[in-house]
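Paired with chain B in one complex and with chain C in the other, chain A is shared by the two complexes that follow.
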Partner chain A sequence: MPKQINVALIGNPNTGKTSVFNALTGLNQKVGNYPGITVEKKEGVCKLPRGVKAHIIDLPGTYSLNASSLDESVVIELLLNKNDKDYPDVAVVITDVENLKRNLLIYTQIKDLEIPTILVINMSDRMAYKGISLDIEKLEAQLDTKIALISTRKKQGVDNLKDLISNYQNLSIEPCLSTQDIDIDYFKGLKKAFPNQSLYKLWLVITQDVNFGKISRNTIKDTSSFKTKKDSDLKRLQQKETIKRYQFINNVLKEGQTIDLKTAKDLRIKLDRILTHKVWGYLIFGIILLTIFQAIYDWSSVPMDFIDNAFASLSDWTKNTLPAGAFTNLLAEGIISGLGGIVIFIPQIAFLFLFIAVLEESGYMSRVVFLMDRIMRRFGLSGKSVVPLISGTACAIPAIMATRNIESWKERLITILVTPFTTCSARLPVYLIIISLVIPEGRFFGLSYQALTLMLLYLIGFGAAVGSAWILNKILKIKSRKFFVVEMPNYKLPLFKNVALTVLEKTKSFIFGAGKIILAISIVLWFLASYGPGTEFNNAEEIVTEQYASNNLSQIELEQKIASHKLEHSFIGIAGHAIEPAIRPLGYDWKIGIAIVSSFAAREVFVGTLATIYSVGSDQEATIKNRMAAEVNPILGGPLFNLASGISLLLFYAFAMQCMSTLAIVKRETNSWKWPILQLTIMTAIAYIVAFIAYQFLK
Partner chain B sequence: MNGIIQNIFVFSSLTIAVVFLVRKFVWTPKKKTAKTCGINDCRCH
Partner chain C sequence: MTLAELKRGQNAIITDVSSKKIPLKLLEMGCLPGNSVELVQVAPFSDPMYLNINGTHLAIRKETAIHILIETNDA
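Let's look at the complex of A and B:
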């Protein structure tokens, strides 16, 4: 037996596949993308008995091997390609004890690919609630495999699953369904033309247009000894295949499963009645959202203050301890300040992801999808658009990828175009710092003004998304079929391990993904702010000393004047002054202008940039917030960050596209530059106009 | 001497940062794209 084997976890969505993956791998897992595409790839390592290691891949959830989306095609491509380094030695099909009939369809298909397959029946702890009893021996005999009855919630059956995986070589690879049952003549012809190939694999090549080995759909079409059928005939045969499979599954379950509805105790219907009610449903959803935003503020203030002070002290310590010079300044004023500007937001981002993970894990998110479909339809969106719009509060990139399960192309395109309006976590640092500077700390019915402002910004983002969807629905002339199918999983208490891993993973990817960019931009910005051309920069000390010779300034005051003069004539100062005329009507100075331009790489860079710019030349230990609060408007006097400029900035970020990566993903998902460019232009124009009106009105 | 070393570090850091940003946003090596996703037109081809 090899020392390492590949194990693929496959199954329908909502069968607890990720819970099984987490139970097998623990923290030994990593998340990436499949090469060249933006489908998430989760893999991990699990130690099996007898010193064997299993390389576990958690494949995207799929209902069958009849792919209708890119996510599903990933599963098929892997299962057909024996040369793929991840090709499974054994497939583990995860099913939910309550939905065995539907979940077994993909099991029968994978078994027919002649891959050793283990069946996992998950959520066994719910059998008593539902009056379900299973005869595992009979099921094993009928399905010709080994079954692991497990409950990841109660931590039962995982060791048995590990044993079964390590003994995978004893599993039968006999198919469940004979291809002859689909169409005798057709498959006889196929067998004759390709005598050494698996008929079911060939069938998938023909119907799914995927390749295996050197055989493609065109190869089969071009084979003179075999005549394939028209697409409509192939569809009919696919339907026949599905019916045959369900007949097989029905027979299996008749023998091995009994459901006693009298003993079933189910809260689900009662809960659904309330949570999807046309009044209570929306009210409860609103209260949940309000609680989340209040918690984000209240719970994270202590760790945030700690991080802010820690970075200010670290910057100060670096400057006082290391030998004086350019690199020490780069470390203290550029790198530490820039990173401090992002690390400070870890607590709030972690809390946001925590709440999203809990809502998803509990099964409530599907009710929100159902509930919102009634509203979404009126705006040309689908109920399924809610998932991208809510995921967009984390990041627009996975959110746009999550549109792939929207069946109608028009609804999908509209969702892609409007999702960047929703408030992503990268906007959060910008909002939080500006809100803390310009919104007072008082409370209204126990809710802080700051939390209410944050919630209002989220609602503005959501409203902008829905409003622009309505307009796009009227403008875009795209014909497509509209239908809505959503699966309502059972309510569950979220598993701590799953929630913790999601929070850890998402926060890590936010910090490290954005952190590298922020680090690099901080270095470049520090350089541009610390060096400059011409005599004004190089002779700053002489010029300023001469200018203030008669003012009797203290040494510290004089040094600050020199630093300020240098900054103004540095490379960044010159660039900032060049763009200032365009942003002055919005209430911003050149420093904010630079922060806005640099934040096009990623919005959260805005705070890091200001932290870097304001740190340059500053000898005082001060937090980012204090430095920003101390900034004076060069023209009007008074604080630069006041209510007018603050609201203007908040609204600018609420509407502006400001994210290169989102543009790239929109291009990839729409397969055209037309849509991302249109999106960027329109969103920037709206952001500019709204910020302009807000500033002119409030100043 | 200290000044020269510090400047070398600064310019090395700057070069690394610029190269990283260029590779991230301007020039990225081309990757193989996915082929298909079935006979239903889901617009990902």
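Let's look at the complex of A and C:
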């Protein structure tokens, strides 16, 4: 039987670690979560020479073994726990040839853990460009390891790496330098107190809050030979240790690396002069944003219409082909249209992540963070909040997941809490239909009122996010380490394979993560709308037929009246009636109430629900629009959808937290129900108050 | 002087880093006494600062930069 070995890929961010992972595993990879936390766990399988199979884990990028974020602590926890099923048989440290000095720091730390370690020097195709030459033999000797010089871009050296991995037993497990002389007495005492433990592991446990095996930080206490130290002293020692490691690395590179600055070219300086410029930088960022919006709203409408029609016909086909009955209805109206509601977002999500992946891979995203940090900080946010806020215009779910690299917990929490205010794509269908109903056609300086209203709604969403961030920043009393370091990586042409895999993986995680919830709620909603208590619901057919006996209705019209009557007396209809007193001051009737309640599954359900309520057979917007325009306010008379109730409804949708899936993600990311519940309460309250004022003022 | 006072395009050597105020992560990215530092670019209001420390390009806020002491080469 072939043996399977565990391989861990470790390295700084921006070293092309993921490219190496993709080159080794191809499509044989899966992305999950580490148990209990939401850090992504990427693993895959790679066939090595001589029938050895390697299980490869792509650990989160980290600058050192001293963790400063959740992602980074995953790395150290795995490497300190020999009993973990993923504990590596061999560690592969990935470095970038242009940043060897800094990238080697973590290599020296991994070597101290006494794990067989291979050093990968990636992006070798850049060496000539940068005037770098390496003496591999000398480096191997000094660093006490085997080196694979590879270029994932040119597909060079990957086989050599596979060869080295399969021969991992020949690798040295000795540290490459001794750091204990930063405080000889301290480490001597430590050794005496814990004679069976690796000193470096003990040191890691002492300096951070990680437990491994039976030893936790608390068990390391004073003994006769060992005295614990104050935190400030420990920090000073860590600084000494880091200096010591860099001294070693400098000496190694002095002999093993030569850089001919005369032949080195620097694209970075030229690009940065424009891209981080005080004027051009912002202008270019604005143009890029506009392009992204254009893609999300315009280009993706073609595949979205196609998906919409395909699911509608599939639903019809199911209804007409399968024998009539409750099961067929559940399948056609509950499950298939529920699935359609998930699949329809794929084009937008794929486009969004295509752009984000390209911007991140190219190194541009760090420049955006740099440009925006000062502005965002005024509102209690970080430059790194820009990415989530942009992503939020597609969908809050991936946006909230994108907050993970914000170091300060307070800034991250505020970003999570305010992101749902940004106008996500699910609000768009609601906005479009109501705007076309209540906003008059006409132009103002060549711009249509309707388009201006839509733009205003986007600005309101963004303004609400930033404004509430400002307030939260004043209210929330959270002490968190406040620092901000962002690496400005080299500009690179994005690798097609990396971008494609990111888009694929993010889309998949949306479908299976959020999709499950949307599908479940669609089924529940279908059930609530299709069943009801009492005779009014169960005898709807007879009641309606009798009522309209003299009106000479066509068969289709009669069926629509029956469906409408059924819905009014279904469970969800009863719920709509129940909340009517609460929403009447906003200008809504019970039918809109139902639509709002069912919008909780996903906002765009609003249009579909109204379609069912107004007993319009098809989902075509024009027909619903005509029907809605004809709807009469039961109390005041006049059209139900007038300027007052329309604006009130638009504002309600702009502010309300009507998305189960977002709440679920917020719960997961903040690890507490407190924040999503607070978010739900406050956002709904704001929505209600604003809609109330708008309606009372305009009516 | 502190790193916050460095001008765009100017070079300096880091002389001292307050280990209490500066996160270890920044030290590990090369922000250590003896290393060279260049101010590559500044955002409006000179904050954040885009630095080249010992070959590593990174951006930090001014509030962090005031805890890093430097000596300019021409001084």
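Assume the second predicted complex is superposed on the first by the 484 of 699 C-alpha atoms of A that agree within 3 Å, B and C clash if a C-alpha of one lies under 4 Å from a C-alpha of the other, contacts with A are read in each partner's own complex, and residues count from 1 in each chain.
Note that contacts are C-beta pairs under 8 Å (C-beta built on N, C-alpha and C of every residue); 3 or more make two chains touch, one makes a residue touch a chain.
Because the structure is a prediction, the values reported are computed rather than measured.
*Asks:* A:Phe527 contacts which: chain B (first), chain C (second), both, neither?
*Replies:* first
*Asks:* Name the contact category of A:Asn66: first (chain B only), second (chain C only), both, or neither.
*Replies:* Both chain B and chain C are touched by A:Asn66.
*Asks:* Which of the two partners, first being chain B and second being chain C, lies in contact with A:Val369: first, second, both, or neither?
*Replies:* second
*Asks:* Per the contact definition in the header, classify A:Leu519: touching chain B only (first), chain C only (second), both, or neither.
*Replies:* first
*Asks:* Based on the superposed arrangement, let me know which partner A:Val607 touches: chain B (first), chain C (second), both, or neither?
*Replies:* A:Val607 sits against neither chain B nor chain C.
*Asks:* Mind working out whether A:Ala426 is in touch with chain B, chain C, both or neither, as first, second, both or neither?
*Replies:* In the superposition, A:Ala426 contacts neither chain B nor chain C.
*Asks:* With the two complexes superposed on chain A, say which partner A:Met683 touches: chain B (first), chain C (second), both, or neither.
*Replies:* After superposing on A, A:Met683 lies clear of both chain B and chain C.
*Asks:* Counting contacts the way the document defines them, which residues of chain A are shared by the two interfaces, the one with chain B and the one with chain C?
*Replies:* Touching chain B and chain C on chain A: residues 66, 68.
*Asks:* So in the complex, the part of chain A that touches chain B is made up of which residues?
*Replies:* Listed in rising order, the residues are 34-37, 66-70, 72-74, 77, 207-211, 231, 234, 323, 325-328, 330, 404, 409, 412, 516-517, 519-521, 523-524, 527, 601, 660, 669-671.
*Asks:* Which of the residues in chain C end up touching chain A in this complex?
*Replies:* 17, 19-20, 23-30, 32-34, 40-41, 43-45, 47-48, 50, 54-61, 63-64
*Asks:* Within their complex, state which residues of chain A touch chain C.
*Replies:* Contacts found on chain A: 63-64, 66, 68, 99, 101-102, 105, 232, 235-236, 238-239, 242-243, 246, 268-269, 272-273, 276, 278, 366, 369-371, 373-374, 377, 383, 481-490.
*Asks:* Which of the residues in chain B end up touching chain A in this complex?
*Replies:* Residues of chain B touching chain A: 2-3, 5-7, 9-10, 13-14, 16-18, 20-21, 24-25, 31-40, 42-45.
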